[in-house]
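What follows is a group of structures, each given as structure tokens.
Paired with chain B in one complex and with chain C in the other, chain A is shared by the two complexes that follow.
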Partner chain A sequence: MKKLSVRRRHPLAALVVLLFALAATGGLYAAFAPAKTAQADSSSQSIAIEEGKKLYATGCSSCHGPGGQGSTDGPSLVGVGAAAVDFQVGTGRMPAQQPGAQVPKKQPIYTQAQIDQLAAYIASLGPGPGIPSKKQYDPKGGDIAAGGELFRTNCAQCHNFAGEGGALTDGKYAPSLRGVDPKHIYEAMLTGPQQMPTFPDTTMPEKAKRDIIAYVNDTTRADNPNPGGFSLGRLGPVTEGLFGWIFGLGALIATAVWVAARTAKARKS
Partner chain B sequence: MSTNDNPKSREKAPAGQKAADWADGRVGLYNLAKSNLRKIFPDHWSFMLGEICLYSFIIIILTGVYLTLFFKPSMGEVVYHGSYVPLQGVRMSEAYESTLNISFDVRGGLLVRQIHHWAAIVFVAGMLVHMMRVFFTGAFRKPREINWTFGFLLLVMGMFDGFLGYSLPDDLLSGTGIRFMEGAVLSVPIVGTYLSFFLFGGQFPGFDVVPRFFTIHILLLPGIMLGLVVAHLILVVYHKHTQFPGPGKTNKNVVGMPLMPVYMAKAGGFFFVVFGVITLLSAIATVNPIWAYGPYRPDQVSTDAQPDWYMGFSEGLIRIMPGWEINFAGHTLVLGVFIPLIVFPLVLTAIAVYPFIESWVTGDKREHHLLDRPRNAPTRTGLGVAWISLYLILLVGGGNDLFATHFHLSINAITWVVRVSFFVLPPVAFIITKRICLGLQRRDREKVLHGRETGVIKRLPHGEFIEVHEPLPQGKVFELTAHDQPKPLEIGAEVDENGVVRKVKRTQKVRAKLSQAFYGEGSQIPKPTPQEHEEITSGHGHH
Partner chain C sequence: MSSQDTPEENLPAEPPHGTDAEIAPSDALVPDPGLPPHLPRRQDIDERAAKRSERAVAGLFTLSMLATIGFIAGFVAIDVDKIIYVWPIGHISALNFTLGCTLGIALFAIGAGAVHWARTLMSDEEVVDERHPIEAPPEVRQRVIQDFRKGAGESQFGRRKLIRNTMFGALALVPLSGVVLLRDLGPLPGDKLRHTLWAKGKLLINQNTNEPMKPSDITVGSLTFAKPDGLEETAEDFQEQIAKAALMIVRLEPEDIKDKRELEWGHEGIVAFSKICTHVGCPISLYEQQTHHVLCPCHQSTFDLADGARVIFGPAGHALPQLRISVNSDGYLEALGDFTEPVGPSFWERG
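Take a look at the complex of A and B:
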């Protein structure tokens, strides 16, 4: 102790104290500071944002504005989140081909890697729903029966009881859910694209979403054994009536014509 | 029938004859057979449309009996534990559960259910086509007006029995249909609410709806229909069948083949053809997949919620009607639903009363056993086509959403097209059809007078080219000229030569006007007279 008190007036003492203070501050900062900045992939994230920004400037900015602020031709993308980008670009809806009642689904023109870069850029503009993880949307984890009830309550009035799609006003429509990636169904519920309402986790919990996906996946799968024979599009009685008239009554009238044309011949006896 | 064998007393008679003797002694079989087995029926494919209806009706009864063995007409709530996985653990009514069981757990249940439903679709379609055949050939004229009415009642009851039938499974689609009906009932001014409570035994949907519909569906309506079918057939036999005009076919005879053996074989065989076709249809195509609709819950609804096709025109009426609503003395009058509810029976009545209107207008009290060719009754044919066009455009209105999605159109645009067409299309169809009929009459006249165009071009000595026309065979000429061409009613002068005004009732005037429209100059082309035919075909004419 004496040693310390003897040397406290040493010319270098202030320097030593300063070093301790700095080390303590730095140490405390390292211990308590937000982890984000300390993460190793921050550079790759910023690269993704940079790349996404370039893709955005070429492919999207003519309608959505150079900074994603929107224009007369397209809505603002600030705060729509990565999920919206992944859905819209991943299903080929964006970039849109032409203005119209509704932007149709088509072959996507960006690779998944590019879509992720675009999503990273849009997500950097403002907080919004992120891309769901496989655990969230995996149809294997869902209850089909519960999903069916939820689907009939929330979805069937537009998408039809079997997810075959239906008409909305003025040429708009609810698309068929046949062959749609479970991830995209989840994102659609989360972000409410085009005419669709949004189903955030507060109104439809994650489990309910997964149940719905399980039901849709089950009812629209290609190997679904339609128990009654040909499904006739699963569009209700309209197609059944058409089928019955053409192939039921049509076949019977054809037979009637055939029977009537074969009249008994008088035998000479 | 048991054959009451008594080999000792009649050893030589074969078993069949013995059975016949037995029956004759009790129900007068021989007399019945004598008068009916040789009954003559004319040959034409369109005369078999009624058979299609009769046979599909029988098929519906047969399959319906099988279904009642397994169906539970109850709204009691149960949790499903059957073999259809996507609905396991879901709450539903016993009616829906038992229909699922019929579909998945009863042997042959799904096939029989589908035969029952497809046969119903074909049955009503067949009745409509049969009715159109009778309409366009004028087969409803005296003495067959009552049978026309029976047939019409069968059509209406078939429609409603079909509606009740597909409402029974209590699935989401049919529940929506009943909800629609409840809305229509509620729209009736003053008594609507009471009617609805009476119908459902309280608040919709309640527990009474399925048991009540079941009784009406399997007992009340089919019972009445069966009676009407029998009456319909008795009258067909009593009136004898109509036939198309032709050589040797008059208003007083029937030319064709006897019931025994020709029609016994043809009609009997045709029953199996109808059963076969409908079974095939049921084996390859789904109808009413109730498992996909899910159980009915009033808080759920699916798009593509349409009725079966025969109720489709009522759906069209409601879909094209603007949602008008007025408030009168504190009561809301939902015109958007009430007006379609009123128009619905009017559409049906319009075609039902036509025979009576025609007979009043034409004043024709003669019996008619020879059919009209549709072209020779242009006004009737035009009105019939106008009615069909109205019916079809309403079907389009009823399926407007599917037209929108499948033809990439706006549903609003389709609705407006149907709204305008509802008023414009029938008159246009009437005018066009009438003109086509008149054109065909001119063509008939031309054929009778100048023969058939052979396509052979002949050059005459002086250089003129002519096409050789071949005179029609005598029988064909008869066919084309056999029809009557009635003259329009004349009221006569309203003021006689002394200046005295004769009183003419307003109805008389209307009737004369209508008669003019039916048979006046613009409504028929005078058929060639024998003199004209003589003059041209005698060789002194132009060719």
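Take a look at the complex of A and C:
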């Protein structure tokens, strides 16, 4: 000990201490870092929350505030629930690329495991709707006809009767429901992302939501028949009229011009 | 009785004389080039080509006949529910596709055959047929005017003014009977436009569940549609009644509500508005929960549900009527009366 204390004022002492400190940090990190793989099999809720908190701090806190309390750039996330996180991050809407009338859907940048960790962290901030189970949103269990009725009462005004989406005010819009994961449809009804109103279980029971998902799933599937032929976006008489006037009438005019432009004379003049 | 009694305005105007000479062609500045020389078509010279054209036209007409037979056969044979895949259209009804194609071919082949016939086989020599004047010759005109004057004089129409005036009166009044009959087109609306099924004590029934609602069921940001208690979807007049009584229920934070009356007429921030746009009556429920705006899909009228459903954009004339609601002794939401103003679009006597 004496030797150490004698050399404590040595010019290189500070460097030695620094090296020791770095080695200790690195060693500790090396010891605990494999915890990442260890976490995957340990389903401990608190570890998920811890990991989610780290992901949150890097990816979300600049807009939603360091503790999820919200800022001028993003709303408070206290009490939005795991379902909201799973929807927003799972559809790629969050993290948002840029401010605007509406945050569009894009390729998600987090894995489902990371999304679950984020959701666990946000859920720990305040009670909110949880991620639904497969049983709740599985379209197989739904009544398509009843779902159609419910869809036309509650959803069709914005999302169009065939789920094709539509415009709202000031550049906002209701997105198309084509190809949307049933889980995300369920979560959207439960949490009301962006301008969409919520449809809580108290006013729209779980069974009604499953029926609606069954209807959307059936109507928007790629091999859903269009008995009349071209669907033209299923937007109704506007596109159909436009198509008729432009292509139908255009073909007639083109044929008439073609017939009249060709002479039947033996010697072309 | 003399022709002098006939008022001049009853006679056709005398046309100016001597117009015939002016119409006649004078020395035109541009000489008439006449028709171009007639050039023969192949079918005019070559009988084999004409035969080919004949066969083509007959073939088109035959194709039309076959397509019509196909149309009838398809109509009989194909099941209405049968769906087939046709590239590039997709999954479509086999019956619709068959009927459309065969009818299209049947009509097109008739048209194409007729055009081909006219262009290749019918005579294509241009002929000139001079136009004759529309005007009658002067002696005929003279005679007609004379006959008219004579008839007017003999009828004593100009002399016996009593007959003339009563006849005009009778002719003018007769159409009135037709106007009166229009009244029988249907019953008058009465005060139907001013009243809906909502009344004091009527429970608000959730259209999704057919159950009454408690205030705790309705969360901030949610959107619910309600109908008056007792109105069943199977009722004969359901559509007629829901067209007026349709209600949308939203919940706002009470401090977000800018209009004092709106807050008073709601219950802890739960407010109920008519779902019928006040412009032309479209059902309107494109609710944006963050801005509290409701957009009408027909003409983009926008209402601010945080400010008494005031019109903030579009052609609507007045705010959406609000229904006064409260909670009854069992804790369910109920109406405190009918809408205080007519719902839906304005009408002449609305006031």
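The definition used in the following text is that the second predicted complex is superposed on the first by the 218 of 269 C-alpha atoms of A that agree within 3 Å, B and C clash if a C-alpha of one lies under 4 Å from a C-alpha of the other, contacts with A are read in each partner's own complex, and residues count from 1 in each chain.
Quick note on the criterion: a contact is a pair of C-beta atoms (placed from the backbone, for glycine too) under 8 Å apart; a residue touches a chain by one contact, two chains touch by 3 or more.
Keep in mind that this is a model prediction, so the values were computed, not measured.
Undergrad: On the A-aligned overlay, A:Arg234 touches which partner chain: chain B = first, chain C = second, or both, or neither?
TA: First partner only, chain B.
Undergrad: Which holds for A:Thr153: it touches chain B only (first), chain C only (second), both, or neither?
TA: both
Undergrad: Touching A:Trp245, do we find chain B (first), chain C (second), both, or neither?
TA: first
Undergrad: Let me test your reading of the model: by the given contact rule, A:Ala113 touches which partner, first (chain B), second (chain C), both or neither?
TA: neither
Undergrad: Does chain B (first) or chain C (second) touch A:Gly171, or do both, or does neither?
TA: After superposing on A, A:Gly171 lies in contact with chain B but is clear of chain C.
Undergrad: Given the touch rule stated above, what does A:Pro197 touch, chain B (first), chain C (second), both, or neither?
TA: second
Undergrad: Please tell me which partner, chain B or chain C, touches more residues of chain A.
TA: If we count touched residues of chain A for both partners, the winner is B.
Undergrad: Looking at the overlay, what does A:Ala14 touch: chain B (first), chain C (second), both, or neither?
TA: neither
Undergrad: In the overlaid three-chain picture, which partner chain does A:Pro225 touch, first (chain B) or second (chain C), both, or neither?
TA: second
Undergrad: Does the superposition put A:Ile47 against chain B (first), chain C (second), both, or neither?
TA: After superposition on chain A, A:Ile47 lies in contact with neither partner.
Undergrad: Touching chain B and also chain C: which chain A residues?
TA: Of chain A, residues 153, 157-158, 166, 168-169, 174, 226-231, 259, 264 contact chain B in one complex and chain C in the other.
Undergrad: Which of the residues in chain A come into contact with chain C in the complex?
TA: 150, 153-154, 157-158, 166, 168-169, 172, 174, 192, 194-200, 202-205, 208, 223-231, 259, 264-267, 269
Undergrad: Mind pulling up the chain B residues that touch chain A in the complex?
TA: Listed in rising order, the residues are 43-49, 51-52, 85-90, 103-104, 110, 114, 118, 121-122, 125-126, 129, 172-173, 257, 262, 266, 269-270, 273-274, 277-278, 281-289, 291-294, 297, 299-309, 312, 398-402, 404-405, 408-413.
Undergrad: Provide the residue numbers of chain A that touch chain B in the complex, in ascending order.
TA: 101, 144-146, 148-149, 152-153, 156-162, 164-171, 173-174, 215, 218-219, 226-232, 234-245, 247-249, 251-253, 255-257, 259-261, 263-264
Undergrad: Inside the complex, what are the residues of chain C that reach chain A?
TA: Touching chain A: residues 39-45, 83, 89-93, 96-97, 100, 115, 119-120, 124, 206-209, 213, 216-219, 221-225, 250, 283-291, 293, 295, 297, 300, 302, 313 of chain C.
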